[in-house]
């Protein structure tokens, strides 16, 4: 859909940048604007391939959901005791995915690690959209989805309220809060850039950006308030993110099921969340870098840092994972122990071993500089890591149900139906679709922050001289 | 017609703007007050804004109020809702259980905190207030602007100062 | 006014259950005794349950998927260990398993909408209209005795004129809600109403569940634990099992026990151990 | 029993089916049809005593099996909702089995026939009753020339006034050709107990026994009165607790409840019994009273020989003998399993001999009360009579065949060409509530009321306590106007035959009402006729409290042959033991959804047929659950999925009877396979009955594998949980316990 003539006037200049340098600080502010704005105008053809592919997957998911809605959850081949299947597993997966954005953005912001600046915007977008996807699964898994609003504490004449004891209600609150806050955070941090878009755009898009940029003129008062507010929200987001996934963890840790009733679940979940999130960031980093020609901003040194961060988190997760096994093993609770042994040796053992290998062994690839420098390898590795993380969630849900307290309902050969797979695949389509739309509509690289980055680095370099 | 007028000068970099500001402050021009100076810049530059004197930010206050209220109101609402729900024992737990309510209270604490922060910031921006017409798209690219509000008769002198400090462009009303 | 209510009844709102003599002053606390020594595994109780509670017949395919709806199932075990004996020389071990109506029910805590909760007469009730089908209760039930409507069963289960058999006192459940054994609550309610109109309490043996009524070996007995003179109350007492205890200190010779007592669910169903002569 | 010789048709009392104690009656009572029909509600104008929203209970009698339990139906707004046991019946004692409860689904079955059907061009088409009656008149009316053996009535074990009318109808053709076919007939057992005790079916006082030694007797499952016996069993288990030992090749429900269960080679039960007898008569306490020749004959049955033949450990024999010694009175039972072999009667007799040696007669084993209504007793089925009929048919001697309450095309063994012979019969009438494999082949199908819409009288062949004459009354108005009572149709047929005595009876209801009121003196009732009748209706039964009669056994009637080991069969290495599910029986009830959906309690399989095979055998043959096996006998072969079942002798495989229907409605068709079709032609030497458990088969893995529809999960063990705890009697104090068993 893009013809060659247009291709020509996009030039990605290749000049020498010291390897240790996150970004070329000689880059002109004007160029930053043009590069980023152009990315919204004309991405590479691959963009459209990805977009329509994801649209296709999404529509397949929608079909499956409609089918399930009509015929009841039976078509998902769920049963007693396999009541949740892939839905809840994938729900946790997406919730986990959503944590990295906050991590990169908020924590690194507070730590003044400015290499975050070129990449935090899409990370935050990822947070928002994966949360939306996770929300879908809450609905999809309901038997009477048309009655979902019963979970909301809305005033009603009969004084009927949700059951605030239920972790699911905690979930609803936490996810609601997290979604709101991260949307606010994403949008708020984007206002100065929206002003840039406004100034550059014309026609109805100008109106659109004019509305969103809330009359931003970059005055000193605006900047001052902006800085404080942004920092404050960041401070809120960190504990919030932690709370969200520990609450999701309580869905399981609070229940009676052997294999779920584990004290170390909340930290374990949080670590897993950050882990899968970072892996996803690497994936998207590589994709965006190519699709939007961001070689000058999403540079290898930044990728390198991200990978190192991921490796660190992977090790934390591995540790907590082992701790969980150990505590179950030495806890000497017969039921939990049986469940653990079943996971390692039972009919789902292959997935269990795959999960451990992908989650704890494969990340060592991130420990080698040479490998970190290779985009293709990093792409594969990051995808593998996320596969591992998805398997982790699968292991948490399915084998536990298969081997609970009650032997009569033990099941060895349970397997989800095509409907479940369809909806899971559809969710990936939905996520990618939203994300790609976002990239087209909004600046994926934060222009003003990159300007700051360049500015400060340059001045500090001159100061050194 | 009003006695005051606005003028805006564009500068290439912060240093130029800084010198100009310095001169504005040193030269005691009648009908001109430093408080009326506004800087418009593509990125934030704290040092520069300091030259304009203290301009306090009240966002944190809103945050504090929001967070505290969120927590208190949150807990009260939940607890009284539970107390009012047709008395239903669940799993032998108390009708008003503390730990679960704490979880939700915590979330509301954060939610209201965040929202009030935004509100505070918007108020700080005097949102929906009139924006000054003196603006140039190049500000969002790489130029720094100094906007001054002063008596009409002071304007010409101020403009001189700007031009002397080789500002790229001076825009009046 | 909510706030005042909260403050005035704080103590009551903080009460934790179960506790000793919890039902001392209440009229009813329904309980059950299943004598596994008498149970012959004849399926009469399960069929009675189907007839009384409008349980749908799901058919072969759905049954194969594990989506069968028997509120009361007869389990058959060949041994208590992890090894199958060459011959089951002491016969099979049958276990009629239905909702245990736990006093501290794991299912009640986790339901997001409060569709399942505890009634004053000690039943674990399920409000179909309120249920949104999150199935968390089933996930958290150690006995796995909650059954979910995986499809719109009524559509196929009762082709005309079979639907004429449906018990008008019991709802026919729709797609997407959770259901389970109710101790035949419709019978209990009717009996209580009759008794109330006559200004008395329900007498022992006046009302019983469908399974208990059918059981040819009278292995199941049902009654009011709050009434110390009732048969079940006597059996519980004689078997030295206390409702509010998670560990029973009983002397030699009593064979009453509750399943998964250590999980502190405090079930209302008392099982009597199966007696088998080893010296044979 | 079906013979009905030298009846003088002018004997009015006989017409009413009253004889014996009731034979000396006179006078005539007025009949009030209305009064009887008040027990039926209509939707339109509920009777005064019908309170909408309140369930009303009416007593009746269950007709699902031969037990004839008293039941109550819960009726609301004219709809029958549920059946419960009738506490006023000593047979059911207020209890009811799964099969009984499922009668409701026979009543509301969507596959019931709602009008007469006639064969036209191969297919059955609905016709009016006028047409049907005309056909009947043409074929069986007074003009009909049929006589004697040319007409035959093939039924199940019908009893009460139905059989009276039926036989009186045949009588009008000078025929007594009423053939009763019960594929699971207990004829062998009856004959054996005739030999030993001189009675068909002695009374079992299970609760009085301190030890029961049962050779494949499934009294908790398909016993003569299983609901009653389950109650007795419960009392038997209370202090002083009795011990149940079950010896059988394939575990029955009863075996599953035994204190000890022994797997034995099929057909060698008698040998084992004689082994025990041999061990017992060593002691003088038991030897006296036993004829010398018996004792000498027993000598051959030393425990080693017996163990070699039966495959049960030798030391078991003295051990059991010792226990029987200690725990007196005991009760030794022979069961269907032991009796269904070439040496069936021999087996049964040898087993019953143990009772004589142990002196159990008139303690735990007594005779039934004297029966004042012998004519109302259900006529007992026998395979031999059925086989003779089949021969007559193939010889073309049968011109008209009437079928009621039986499905021979489905239940006849595969080697017997019954279906073919049936199609050759010129006129075939089926009385049925629902089409089945047999009625499908008939020329005329007459739609019957369901048992819950009909009147009837029943005298169970097994009377656990005194005499109970069960009264069956409609529990609701008939669903389909075109359906009719079997009794009514028989009356019409008798009128067609121009039998004058029946003119006074407008319908079957009036007939049995008169008959029962006439029998009033037998029950020594002080009520007037009307009260007596309504009292009977409301109670659901007429009771006569007479004690059991004493048994006078004849020990020397038992002939004891030399023990011989049967040769191994290399081509057909396995014994084939078809199992009978208490709620399916011979397959008459597999059309009821509840019974299909309720898993078999021993295997937990539902909606299917399966092959039970011992895990060790399966291991040798590398068979796993779900493997489709081909079971091949000399008579045919069938395919079904394997289920590894520890409760079976390793040389034996078993399949449930009742599945494999092809024309029995939506719930039965296409489910499983029909093992009747591979039963080999082996007969009991003494009685000539078909030996159902004597078939030898081979197994072949077809290579296909499926997934059994079953309730149990990945394990059938408790995995260390305390679910069903087992204790030995010395660990518990039963005497202190509060027992709540209904007495």
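So that you can tell them apart, the chains are marked A, B, C and D in the order they are listed, and the count of residues begins at 1 in each.
We take it that contacts are C-beta pairs under 8 Å (C-beta built on N, C-alpha and C of every residue); 3 or more make two chains touch, one makes a residue touch a chain.
Owing to the predicted nature of the structure, the values given are computational and were not obtained by experimental measurement.
*Asks:* Please report the smallest number of touch steps linking subunit B to subunit D.
*Replies:* 2
*Asks:* Which chains lie in contact with each of subunit A and subunit B?
*Replies:* C
*Asks:* Higher C-beta contact count, C-D or A-C?
*Replies:* Of C-D and A-C, more C-beta pairs in contact link C-D.
*Asks:* Going by C-alpha centroids, which chain is farthest from subunit C? Tell me that one.
*Replies:* If we average the C-alpha coordinates per chain, B ends up farthest from subunit C.
*Asks:* For subunit C and subunit D, what's the span in angstrom between their mean Cα positions?
*Replies:* About 34 Å, centre to centre.
*Asks:* So what's the Cα centroid distance for subunit A and subunit C, whole Å?
*Replies:* 44
*Asks:* Using the average of all C-alpha atoms in each chain as its centre, how far is it in Å between subunit B and subunit C?
*Replies:* Once rounded, the distance between the two centres reads 63 Å.
*Asks:* Could you give the separation in Å between the centres of subunit A and subunit D, each centre being the mean of its C-alpha atoms?
*Replies:* 68
*Asks:* Please list all residues of subunit C that touch 2 or more other chains.
*Replies:* In subunit C, 73, 75, 106, 109, 111, 114, 260 touch at least two other chains.
*Asks:* Which residues belonging to subunit D are in contact with no fewer than two other chains?
*Replies:* Subunit D, residues with two or more chain partners: 707, 712, 717-721, 723.
*Asks:* If you look at subunit B, which of its residues touch at least two other chains?
*Replies:* If we look for residues of subunit B contacting two or more partner chains, we find 81-82, 84-85, 90-91, 93.
*Asks:* According to the definition already given, which pairs of chains are in contact?
*Replies:* A-B, A-C, A-D, B-C, C-D
*Asks:* Which residues of subunit C touch subunit A once you look at their complex with the stated criterion?
*Replies:* Contact set of subunit C toward subunit A: 62, 65-67, 73, 75, 97, 106, 109-114, 130-136, 138-140, 142-144, 146-152, 175-178, 260, 263.
*Asks:* Taking the touch rule as given, give the residues of subunit C at its contact with subunit D in the complex, in rising order.
*Replies:* 36-38, 40-44, 46-48, 50-52, 57-60, 63-64, 68, 70, 73-95, 159-162, 164-168, 210, 213-219, 221, 231, 234-235, 238, 252-255, 257, 259-260, 271, 273-280
*Asks:* Which bits of subunit C are touching subunit B when the two form their complex?
*Replies:* Interface residues on subunit C, with respect to subunit B: 2-3, 5-6, 9-10, 12-18, 103-109, 111, 114, 116-118, 266.
*Asks:* Within the complex, which stretch of subunit D touches subunit C?
*Replies:* 53, 76-77, 79-85, 94-98, 101-102, 104-105, 108-110, 220-221, 226-227, 230-231, 233-234, 237, 241, 243, 245-246, 251, 253-263, 323, 479, 582-583, 593-599, 601-602, 604, 606-608, 615-616, 646-647, 666, 671, 707, 709, 711-712, 716-729, 731-734, 736-738, 740-742
*Asks:* Would you mind writing out the residues of subunit A in touch with subunit D in their complex?
*Replies:* Checking each residue of subunit A against subunit D gives 334, 338, 402, 405-413.
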